[in-house]
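Residue numbering begins at 1 within each chain, and the chains themselves are lettered A, B, C and D in the order written.
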C-alpha cells in the first residue's frame, strides 16, 4: 500500500523550515503559499526519509474565487505519497514557479494547465499552448469560459 | 545429367544466325520483343497475385478473393484502378524529371530480359557477356529512382531516394563478386553457357556465393529486409510518395519486374536454369522462378527491416569480405583440385560456409549507432 | 536468450510463418458469411414499446448525448401520453444507459447492426420508426429473458482448430 | 552506446514533419523533427489533433454519463479507463463494491491489458518493419479477447461496462468456459510470438541499445507503466498500492535492465503472461453474489476531492475528481499515462536515425485518444 503521509506531520516539518508558509493541512495534503512552492518542492524532493522523487500528477481546479493547484507527489523509494496544494487568487495574471526543473514530468502537465486554465509557470522552458492552437482565445477549463 | 531438349538447344545455336524470316532480324526482334513484354507483364501480374495471396496465407488471412474466381483478376482490377487515377505532380516539383523518372526506371528492367534464357536459348540475344550486361543494365534503375525522389520535392521522397542510391551502389560489389565465383566455375559470361555448365546446380558448388548473391540481390531490388527506400513505417512510401496514377503503376511494375528479373537470374546462375527432368524446359524455368519468388516473399512476411547504417555496414563489413573469401576459396579449388569429384568440393564448400558464417556472426555486431549531437 | 549464430532466430521465425501457411485463415467473408454477434449487442437504434412506456423521460435524462427527445401530454387519470418520441441515431453512441435506466423495460436496443444510411436525416427516427415490430429483433442487453432466446455468439476461440490443448 | 563521430561534411539540417498523418504515428501525433541527413538533432512533439475536451465535457454530465466518455480516452483499453473512473467516484462516495463485481473487474482489466499489449507489441514490431505479420497474429488473439468482452458488454471497443458500485451486468453463462479455453491457449500463442521475432537478429540489431531511457530519468520524467518498468524500476500500482482485489493474487512484476526498446517490448510480453496468470487465479476464486451495489440513479457525491489511480496498460491512469454535491463532477482531471510518458521522448530520440525515432516512439506505446483527451 502506498502510504499517504499525514499532512499534519509534514506540515509540522515544513513549518520548521518555512515559518509562516503553511496555510492549511489535511489528512493527506498540505496547503502552502504559492511563492514558496519551488523551495518546498525541492525540500520535499531532497530531504532524507521523504525523497519524493516522482511527481504523479499536477491538477489545477478553478474554484471561481481562486485556482487551486494540486501536486501529487510519490516516493518510489519509500512508497509513500503526499499532496501539496497551493492557491492563486489573481485570475488575470495567475502565475506560479515551474517545478519542471525538479521533475521533468511536470513539463507537459504544466503546459496543459497553462493551455486549459491559463496559469503561467515561470521558468518553464517552453511555455506555450499544448492542445489548442496558438491563437486560441480563452482557456476552456475555466469556469467562466463559455 | 544433361537433360535438355535437343530441339531447343538447336534454337540456341541458331539464335546467333540471321533468322530465315521475311524482314530478317527486324521482324524477329519485333515478334520476340512483343512476346517478352507480354511474358513480363503477365508474370508480374501472376507475381502480384501470388504474393498477395501467399502473404495473406502467411498472415492467416485469405488475401484478395473478390475479383474473379479466387480473386485471380485482382491485378487487373488494380491496374485499371491505378490507371484511372489522377496524375498529380507536386506544385514545386520538377515536372520534366518527375515525368521522366518512371521511364528511366522501367526501361533498364525490361532490357534485362533480353538475355534471360527462358528455355534452350535466349529469346532475343545470346550475348557472350550476358551476366555482365545484366549487372550493368540493372543498375541504371537507381538513376530513375533518384530522379523520382529529387523531382518530387518531398523530404520523404528524397530520404528514400538517397537511401536507395547508397544501398544499391554498395551492394553491387558483393553481388558482382559472388557472380565471379560462378563465372570462374563456368569459364564464360554467357547465360546459356552458365546453365549448360550446371550438371550440378551451382547452389551446391557455391553455397556461400549463393547466400551472398541472394542477400545482395534482395538489397538491389529493395525487398525486405532491405526495403529501406520505401519503408512504409518510416518514410511513408519513400521515393514514390508523390506518385499517382500511371506513373505510380510504372514504379510498381519496376518493383515486380526487378523481382522477376532477379528470380530469373538466380534460377539461371544457381538453380540450373531451365534444366530439369520430365517437364518441358520452360515450365521448369517458371517453377524455379516462382520458387525463388516464394522464398523472397516468405522472407518479406517474416522479418523486420534493417536500418540504413546497418545495411551499409552489412554490405561493406560482412558481405564484401565474405565474397572475397568465397572467390579465393573457389579459385583455389579450381586451380588446385581440378580433377576431384564435385561432391567433395560441395562438402568442402558447405564446411567453409558454416565456418565463415559462424565466425563472422561472432565478431560482427549490429546495433547501437547513436550519433552524439 | 540471444541466438549465438547469425541466422538462427530468423530461421525460427520463418519456420513459424511457414507453419501458419497451412493453418486455416481466420478471416470471415463478411456479407456472405455472418457470425452471430453477442447476445447483448448494442446494435442499431432503439426499439420502443409504446404499451409499456409511461412517458417518465428517464431515458432522455440518462442519455449522455441528449439524443432522445420526448414530449408528453397529461392525459386522463393523470397519466402521460407520449406525444413525441424521437431518437437521433446520428448522435446516439449506443452506450445503453437509457435501456438500463428505463424503469418499465419499455426501451430495447436492436439486435441488428447495419445502420448505414445515405442521408443524415434518415438517421433521425420518430415514434413510428422506433416502434417495436416483429421484424425488428431485440437485443438481450439488460433483458436477461430475451438474451436466452437469441443465437449463441460465434467465438473465434471455437472456430479455430483445437490444436493446442 | 553513444558513439562519438564527428560529422565532417558541412551539412544543413532540415525540418521534417513526421505526422500528423503518417503510417507510424499511432494516431494523429506529430513530431517536428530536425534532421541532419538521417540523424535527428531536434524534436518537438506537437499534440492536440484529437483534443475533444473530455475533462470539460465531463463537467456537464452526471456521474454515470461520464463512463461512456472515459471509453473514448484510451480506446484500446476502455475497460481500464472505466475502472479508474468508477473507482474515483466510489472512493469519494464511500461505496463498497460487491465481491463478485471486484473479481469481474479484475478479469476485465487484465483481459484488456492483454488486448492492449498485443496491439502495442504488434504495432512496435510493425514499426520495426516486419510487414504486418506480427500485428496480424496478435490481432487474432485480440479478436478472441474482444469476443469475450463483447459477450459481457455488448460492444467491442467502447464497452461502458463498469458502473459506480459494480459492473453493469453479470457475465453470461457461456463466458467462463470460453475464458477458460482462452486462458489455456494464450500461453502457447505468446510462445509463438516469441518464436516469431524475439530472437530475430535483425530485431535485436534494431532495438537493443536503441532509445535508452535511464532509470533516474524515467523516474524524474514521471514515466509509468511498462516504460518505467523497462528502465529497471519495480513499480506497479497493482503491487505498490493495491486496488480492487489485486492483493489476493500472485503475480510478478517483469522489469527490464537497460531501458531500451527491446526491454520495453519484452516487458510487455512478460506482462501478458502475468495477466494470464492473474486471470487463472481470479477464475478459481470467483465468488457468487451481487454484481452491483445499490446506488442512486442520479448520484450526488459529498463535497470533496479524491484521486484514484490504477495500473492501466500504458501506465498510471489516475482520475482526480472534485465534487460540489451536484449531480455532475465539478472538475475531473485525468492523469493520462500516454501524455506523460512522452515527456522523455526528445531525450530518448536525439542522435538516433529516422528509423530509430519511429521505433522508439512505437515502443513507448501511446494512444492519441488519451494524449489529447
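Please note the rule applied: contacts are C-beta pairs under 8 Å (C-beta built on N, C-alpha and C of every residue); 3 or more make two chains touch, one makes a residue touch a chain.
What you are looking at is a predicted structure, and each value in this text was computed from that prediction instead of being measured.
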Checklist line | Chain separated most widely from chain B, comparing mean CA positions | finding: A
Item checked: Result of counting contacting C-beta pairs for B-D and A-D, higher pair -> B-D
Checklist line | Distance between chain centroids, defined by C-alpha means - chain A, chain B (Å) | finding: 62
Note to self: Counting only Cα atoms for the centres, state how far chain B is from chain D in Å.
What the structure shows: 43
Notebook entry, point to check: Rounded to the nearest whole Å, what is the centre-to-centre distance of chain A and chain D, using the mean of the C-alpha atoms as each centre?
Noted result: 25
Next item on the list: Could you check chain C for residues that touch two or more other chains and list them?
Entry: 6-7, 10, 13, 16-17, 20, 26
Check: When you check chain D against every other chain, which residues touch at least two of them?
Finding: 133, 137, 140, 196-197, 200-204
Notebook entry, point to check: Of all the residues in chain B, which ones touch at least 2 other chains?
Noted result: 58-61, 301-303, 361
Margin query: Under the stated touch criterion, can you name all the chain pairs that qualify?
Written below: A-D, B-C, B-D, C-D
Next item on the list: Report the residues of chain D in contact with chain B in the complex, numbered from low to high.
Entry: 1-5, 7, 14, 16, 22-24, 36, 38-41, 125-133, 136-137, 140, 196-197, 200-206, 208-210, 350-356, 358
Next item on the list: State the interface residues of chain B toward chain C in the complex, per the touch definition above.
Entry: 54, 56-62, 65, 298-299, 301-303, 357-358, 360-361, 364
Next item on the list: Could you please specify the touching residues of chain C with respect to chain D in the complex?
Entry: 1-3, 6-10, 12-13, 15-17, 20, 26, 37-42, 58, 61-64, 93-97, 100-101, 109, 139, 141-142, 147, 152-153, 155-158, 164-165
Item checked: Parts of chain D lying in touch with chain A, wherever the complex brings them together -> 47-48, 51, 53, 55-56, 217, 219-223, 233, 235, 237, 240-242, 305, 307, 309, 316, 318, 320, 322, 330-331, 333, 335, 339-340, 342-344, 372-373
Next item on the list: Could you please specify the touching residues of chain C with respect to chain B in the complex?
Entry: 4-7, 10, 13-14, 16-18, 20-21, 23-27, 29
